[in-house]
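Structures are listed in the sections that come next.
Below, chain A partners chain B and then partners chain C, in two separate complexes.
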Partner chain A sequence: MNRRSLVSFGVLVLGVAVLLTATIAAQVPAPLAKPKAAVKAAPPPTSKPYTPPKTPDGQPDLQGFWTNSTYVPLERPQGVTKEFYTPPEAEAAMKAAAAREAEQTEPGTTADVHYDFSQFGLDRSQSTIAASLRTSLIVDPPDGKMPPVNAKGQKRAGERAAARKAAGGQYDSVQNMPIGSRCIIMGGAGPPMMNAGYNANYQIVQSPGYVMILTEMIHDVRIIPLDNRPQAAQELRQWVGLSRGRWEGNTLVVETTNFNGKNAFRGASENIKVTERFTRISDDMIDYKFTVEDPETWDRTWTAEAPLAKTDGPIFEFACHETNYGISNILAGARAEEKQKAEQAKKGSN
Partner chain B sequence: MRAKLVLVVACAGLLLASGQVRAHHAFAAEFDVNKPLTLKGSLIKWEMVNPHSWFHVAVKEPDGKVTEWLIEGGSPNQLIRMGVTKNTVPIGTELTIEGYRAKDGGLKAVGRNFVLPDGSRLFLGGSAPGGTPGDKK
Partner chain C sequence: MRNRFFIRVTLAAITACLALAVALVNAQAPAYRAPRAPDGKPNLSGIWQAINTANYDIEPHSAAPSPVLELGASGAIPAGLGVVEGGALPYRPEALTKRNENRANRLKLDPEVKCYLPGVPRAVYQSFPFQIIQSQKHIMMIHEYAGAVRTVYMADQVEAPADSWMGWSNGRWEGETLVVDTKGFNDLSWFDRSGNFHSDALHVVERFTARSADTLNYEATIEDPKVFTRPFKITMPLYRRVEPNAQILEFRCVEFVEDLLYGHLRKQPSQ
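And then the complex of A and B:
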């Protein structure tokens, strides 16, 4: 997106925030949360290319607090064929998404069995949004969709499903529960770094020879060396893989392999390679692109663009599952259901 | 009114279960949709922990007996960012909580809605009872 469209969109987004406030407040009994009017998307209009500040050791400075919170989906929605919305179309798409988020459940359905996001400030309209006119985060393939999973990928997906089935029910044991529910890792850490839905915040710190990325949701840290060291042996595998970084002009390029395969990104294999590109394009924005390469899953690479917008710090602690109520409640709930069903079956057989 | 808004959104063909996608875990596995409840009580403690905060509430039963309920709410991080602290909601605050009871039948529930005695909601996206974002009582 060029700078002119970014500037226009920044104005648009602020307008949407005001409009949303009025629209939503008119339809709910209690005044809904005021959107935080902190949508920072537009660099200042200028004809000169942006020159990022430098750290004391001379690196382009990416440091600070950033968010990739967005209403733009990874894949282009059905029926949309173009790469960019017009500002009015983007306004409509954002309004629709924010309205779904503000109130999308029907009382008395399982979808309603949840706390209200808006009461806790967790709907995206209450935090900084990395706004974009894009219709999808995926920029390649040009249709904005992930490439089809190849035969090897389908076979592995089948094997993973069979292994889950053999292990028993999802709530039979802690080990069978999704790793996100178990607070091991969630999608925000990546790589690639995907919008966590809420608390989608990052802190970047640079020191000579290293870049550190702290992910708020859920407390993961990546330490990326910049000293051209070779990648570690294939046997050494991590939840977030092992990253190696380098500067190409003002762009930080980070290549990551050596994933442990337990946190498969979109069904990828443990041999996935993710190449990320961070370019600061204004005081308030980092252009973040990532390319995914995994011949064991897709016959071609694919690339997405998920900008990072400057937000307020600090990052607050996310000691996930402190006190551990959730896991024990879910397991206790499953046991209670089993007991109830067994009693019903017993009554039925009498 | 809430049902009316849901209807409007549904008629527009926009109703998606995005809230479920964003949930940290399956709340319907923890709480029972067939056990909706409304509790009235006073706050004993608010545990501002992640991924979900927990409200300890003293509820007076019809027979006069007081029981302690644990009510699950959202991650506190964004509220903290907006200026809410553990002292923002005073101990003893009277709350009416609409939600769903735990499947195991214990004194636990998810708080679908937290309402103050004057009918306003506990948090209005960061504003504290009788206060404003950034008001650190």
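And then the complex of A and C:
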């Protein structure tokens, strides 16, 4: 997210976040935010293979509360050529990323900052971090960057940009505003599941035949059937697609298609296929990889790794839409500004 | 002598038969025993749905025209026998006045119209399915409407840490029955489309019991001293969605209500 969009997005959700957090903070004696980032990392590859616990029905047990909060960017930063940092380099990269985040959100550092991001436990540095020495989440292509967008993908990107332009300014109508601000869907829900910046928390519950993943952001739930049922008809499309799962040894493999294209992942088409692989590699870590396949956008597949680290529950209700005063206030503000400008123009011409 | 003995034996036999018959009738048909989950508890997993008109009005009600003229018969309100034990809700007088105001302004005030979270117990009997995902520690209830979700804490139970739309649910097993005790509600959800409402003092105790392979008995005892003079109970069966490919689909309704909620703030072409 660039600075401006992060700030405007943050301003929007602030009302909700402040209300929720303030209410919770007022009533819970123990502090919810940890004072310091608890860094959890994968064990060194030399340790002996981990055997995950099993659920009573014999599935590898992924249950519990997890976070994919990380400072590792999706794509490898300019100038970095290696796949892994050394531990001191990783720490320095994390500190630099945390500082950039703070600069955008601490009062006095940037002219248009309205609140202190860290005050409400919203910044990453206060929660568990699923740490990694990787320089990018993308592991394939080996250069850590998304493959180039092909001609079809570029054409669609142009069409989407033209459609947005034709629809008018961002604050002309609610439909022109970002879907996260509208409380339709936010980062993190996926698939693929990527760190949402804050509240990057998940709860996994398993019962025979199903794996359920609750995303904290807007209480989004994925119910993944494991019974090898066929995919639904192409006509049935969803924001989050339709997922089908299976166990391959200790790895949960989830394939998702039937997206509606309205929440296009990195410019993908609605015919994108996402394949996720969840493998518990220690008591505290789930290795999470996803592969993206969309010949209408990229000529090759690409794969990223965004591990899930064990964190503390419970997950609180994120009722986003119900108190979304931001939308009304922003639209009303834009209309008032237009009115004011029109009146000034009128005065000027008199 | 012989006759008298015969009569006596016959009478005794008849009496014994009658006693046995009475005993058989009195003894409840043996309660249904649900299949077991892997942890030995009754397995209530599945996709469930109410088939009744409680979401229109939990009290007994006649059929009525659609509140939206254009929808005609397709939007009309089907009649219902009611799901409240004893029929009418025991409102405090001032609360009944508020209910009637709610009812008169339901299109404007019903949280369901705005795609707000449905609360409890309404989520259970909206005209949408919900899925129970049952593990030992957590039982999830995931509703198709608005993606509403409840975690029922079976092991790591705490008091409701904050008020919320769906409340805070702690659960326990009582024999064949899953008992879910929910508190910590805000005062913003309704029980139905007819303005029946509650305060933040709402306390709901639900009992889910399998009554056959594909049906559950559902009852909820509702207590809210700020709104009602006494606790009351609602009961209904829930039915399993038995289609082999049944699944909870997306009803992400925020998008469907944006013009209703924010349309008046849209930029006008003339401006």
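A few comments on the model shown:
In the analysis below, the second predicted complex is superposed on the first by the 297 of 350 C-alpha atoms of A that agree within 3 Å, B and C clash if a C-alpha of one lies under 4 Å from a C-alpha of the other, contacts with A are read in each partner's own complex, and residues count from 1 in each chain.
In this text, a contact is a pair of C-beta atoms (placed from the backbone, for glycine too) under 8 Å apart; a residue touches a chain by one contact, two chains touch by 3 or more.
Just so it is clear, the structure is predicted and the values come from calculations on it, not from any experiment.
Contact with chain C, but none with chain B, is seen for A:240 once the two complexes are overlaid on the shared chain. Judged by the touch definition given at the top, the superposed model places A:100 against chain B, while chain C stays out of reach. In the superposition on chain A, A:316 makes contact with both chain B and chain C.
Look at A:149: by the touch rule set out above, it reaches neither chain B nor chain C.
In the overlay built on the shared chain, the residue A:210 is in contact with chain C alone; chain B does not reach it. After overlaying the two complexes on the shared chain, residue contacts for A:55 are found with chain C alone; chain B is out of touch. Contacts of A:183 after superposition: both chain B and chain C are touched. Of the two partner chains placed around the shared chain by superposition, chain B is the only one that A:199 touches, whereas chain C remains out of contact. Of the two partner chains placed around the shared chain by superposition, chain B is the only one that A:337 touches, whereas chain C remains out of contact.
Comparing which residues of chain A touch chain B with which touch chain C, the overlap comprises 27-28, 171, 183, 218, 316-317, 319, 321-322, 332, 334-335.
The residues of chain A lying in touch with chain B in their complex are 27-34, 36, 96-97, 99-101, 103-122, 126-127, 171, 177-178, 180-181, 183, 186, 197-199, 216, 218, 312, 316-323, 325-326, 329-330, 332-337.
Contact residues on chain C toward chain A in their complex (touch as defined above): 37-39, 45, 111, 115-117, 131, 133-138, 140, 142, 147-149, 151, 153, 156, 158, 161-166, 188, 244-245, 247-250, 252, 254-255, 258-259, 261-262, 265-267, 271.
Considering their complex, residues 1-6, 8-10, 12, 14-33, 36, 47, 49-54, 70, 72-82, 99-100, 102-106, 108, 110-114, 119-127 of chain B touch chain A.
Note for the complex: chain A touches chain C at residues 20, 23-24, 27-28, 55-58, 63, 168-169, 171-175, 182-185, 203, 205-210, 212, 214, 218-221, 223, 225, 229-230, 232, 236, 238-240, 313-317, 319, 321-322, 327-328, 331-332, 334-335, 338-339, 342.
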